[in-house]
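As written, the chain order gives the labels A, B, C, D, E, F, G, H, I and J, with residue 1 at the start of each chain.
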Amino acid sequence: MLFLAQMDVTIPHGIDPDELAKLKEAEKQRAQEIQRSGKWPHLWRVAGRYANVSVFDVDSVDELHELLSSLPMFPFLDVTVTPLSRHPSALA
Amino acid sequence: MLFLAQMDVTIPHGIDPDELAKLKEAEKQRAQEIQRSGKWPHLWRVAGRYANVSVFDVDSVDELHELLSSLPMFPFLDVTVTPLSRHPSALA
Amino acid sequence: MLFLAQMDVTIPHGIDPDELAKLKEAEKQRAQEIQRSGKWPHLWRVAGRYANVSVFDVDSVDELHELLSSLPMFPFLDVTVTPLSRHPSALA
Amino acid sequence: MLFLAQMDVTIPHGIDPDELAKLKEAEKQRAQEIQRSGKWPHLWRVAGRYANVSVFDVDSVDELHELLSSLPMFPFLDVTVTPLSRHPSALA
Amino acid sequence: MLFLAQMDVTIPHGIDPDELAKLKEAEKQRAQEIQRSGKWPHLWRVAGRYANVSVFDVDSVDELHELLSSLPMFPFLDVTVTPLSRHPSALA
Amino acid sequence: MLFLAQMDVTIPHGIDPDELAKLKEAEKQRAQEIQRSGKWPHLWRVAGRYANVSVFDVDSVDELHELLSSLPMFPFLDVTVTPLSRHPSALA
Amino acid sequence: MLFLAQMDVTIPHGIDPDELAKLKEAEKQRAQEIQRSGKWPHLWRVAGRYANVSVFDVDSVDELHELLSSLPMFPFLDVTVTPLSRHPSALA
Amino acid sequence: MLFLAQMDVTIPHGIDPDELAKLKEAEKQRAQEIQRSGKWPHLWRVAGRYANVSVFDVDSVDELHELLSSLPMFPFLDVTVTPLSRHPSALA
Amino acid sequence: MLFLAQMDVTIPHGIDPDELAKLKEAEKQRAQEIQRSGKWPHLWRVAGRYANVSVFDVDSVDELHELLSSLPMFPFLDVTVTPLSRHPSALA
Amino acid sequence: MLFLAQMDVTIPHGIDPDELAKLKEAEKQRAQEIQRSGKWPHLWRVAGRYANVSVFDVDSVDELHELLSSLPMFPFLDVTVTPLSRHPSALA
């Protein structure tokens, strides 16, 4: 089951640079771990923005929320989720 | 080069049903033709809406506009295009 | 799996009154049929508006879209879907 | 009398972690207390967001406001309330 | 129990002038009937707009929706309802 | 002359609790003083929000601005003003 | 007493050209009549739009609404009114 | 003096195809005439939309409005104008 | 050449009160200086808001930007500029 | 390949003035370096705002993102990117 997730990142001004660097590294590790599991098949950067467009492939909405909220930067993310279904004109 | 295209369809009330049926069939043919060319790798329906989420893979912005405006239902589409670039955390 | 669906209805001006009456009756029949199946557990009217707030309980996003697009008034609906997951503070 | 309440939570950056942990625990206790009273029949998490969708069943608008403003995290909530009435197509 | 109702009126272009005049007269009659019942204590025109700001005093949300949807011009109204509760600084 | 004023309150995080308590008490005193003058005939709480809906009855726009900006919490208020005129269907 | 009025004009497609020409001429006559009365001291075109920015000088909100709704094109206007008061830094 | 103009085109459904074809041809002629005068130095299509991004170089706001409203398709355009000034970091 | 400028002021919480008082005094001096030059013919307060509606009369867009950015409170202003042209119905 | 980039700058209150001055100087240097490369052909200030309108000429979306995110003030920018294609009425 596929969901589009559009994520905007807002880093609070004044955050400790070391803390931020650690967060970003942890975020990268967790993002790649989820991708390797096959549950995050697409991850793109939005040009010009600290934002991404993602597609998740999960068994349930609960699993989707668990994955998203497991991201170390979740407190700084504004996520919009759009449920996707099969399009009648899509090739198999 | 990838672009996210989010398309909302609005059919004017009072359109002739035969004309509409032909348009929809032509739209499906053209959409599948573009998909077979490899330039429209993802096409999903937005659940509950007459709308789709698409990803196009093109050589230029001009080519993207030519593809989108070649759709028979283009006059009824509201398309938002988001340019996508490689994400530093994306797996190869 | 639960989804919130918020539906706004817009009836085009000039629609034939008989056609509209038939549509509304068909809509009611279909809505009750889906409710009886257990897949549409909540359906409320938004006070003061030709709109509803609904909760659907489905096995997949595809099933959700099939149910919504099977409504006779689907062409006149503007539907916003929000995927719902279990809340950590919710009782049983 | 039913009201839909859509709540978005925004935690200010720099809040003391212990204070936040206490607030969250107090919030959970209070939320469950209200649920046990029967006045908060539905509480769901919005997938991917620090937000919830709730339905309250109260005797008056005053009671609704008292319940919502009794939540320990009320200062951090952005709440949108929609009054719900019986839908003519809803099953009894 | 008080509710603020903000109503915007949109008359479709091309409506028959006689039909419109009858609608407006029926609207006025019904509006005054509800006001006389005591359930519509405030009705003001928004300066410069075909719109009003109203306060309703009802026993339930169902009653509010019945009153609003009984207005002859309801199909042309866009109504936003805000539930009002007692303000702690309000004089008795 | 009547004006609708819709006020949203945003308290900055980290404000000194004593300062805030004093502000709230001063706000209440000033709000009641204006109400007693007859110039603030309606003051309601918006259910679920730190916000109010008010009606002011003043001799001029200048007087309206003086009253609103005399509120101790004015720096924390977002106020939207709507000028109200007599509605042709309103009872005398 | 001054009010800013921002007016956007939307002419319905399919209106009879003669009817429209008469409306525009009547609008111009009425607009100039109000200007000569001194109650419409400023009237500017918004560059690139069928819209204007106006300032009215009236004795009451009722008078403002009467003037605006007396415009022959009022049914095609979307008017936003902003009440203006004296600015403490304004000269004389 | 430079102005950014962002134009969205909305063609009313049901317009006579011959009338539309003439309008589009006249629009093209007039657009090229203005470009040749040097007053419309940039004209780009927005990818995926019936819209353009333009830069005008004019002597006054009046001239800008005259140019825009001289376009045969002006009644179908929604134009947003942004005045541009020299940027301190811009090269020569 | 006239431009409408709508300015909203946001004072950051925690600013030093003396610094703020000086800023406000400097703002007043500069605002009156520009007014005396004849380039800022209208300056009004928006009732109920820390905001103003202004009209500037300048020779170029560059001059407009220089004037606005010379205001001591410019960093706290959110300014929306609308270019104004002569209205065909305006009296001479 | 051309892209419109509209950039709004928000400087956090309380930033160290020396740090800000250095950032602005570095931003200017980098902006001019990119302009000299021919990849940033247009850069204009939006009148009255800390914002710019830019046009970039790049070989790919990846290159566009690299250029934008290389700006020293990127963390304070809100950038909206619009892909531009050739307009059929544009002169060669």
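As a convention for this text, contacts are C-beta pairs under 8 Å (C-beta built on N, C-alpha and C of every residue); 3 or more make two chains touch, one makes a residue touch a chain.
Source: prediction; values computed, not measured.
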Query raised in the report: Any idea whether G-I or G-H has more C-beta pairs in contact?
Result: G-I
Query raised in the report: Between G-I, F-I or D-F, which repeats the contact pattern of C-D in over half of its pairs?
Result: G-I
Requested in this report: Please work out the Cα centroid separation of chain C and chain G, and write it as a whole number of Å.
Outcome: 42
Query raised in the report: For chain A and chain D, what's the span in angstrom between their mean Cα positions?
Result: 26
Report task. Quick one: which residues in chain F touch 2 or more of the other chains? Result -> 2-3, 14, 45, 47-48, 61, 64-65, 81-86
Report summary line: Residue set of chain G touching chain F in the complex reads 1-3, 60-62, 64-65, 81-86
Query - chain D-facing residues of chain A, complex - result: 3, 5, 12, 14-15, 61, 64-65, 68-69, 75, 78-81
Query raised in the report: For the complex, which residues does chain H have touching chain B?
Result: 11, 13-14, 45, 47-50
Query - chain F-touching residues of chain E, taken from the complex the two chains share - result: 2, 4, 27-28, 31-32, 35-36, 42-48, 52-53, 55, 82-91
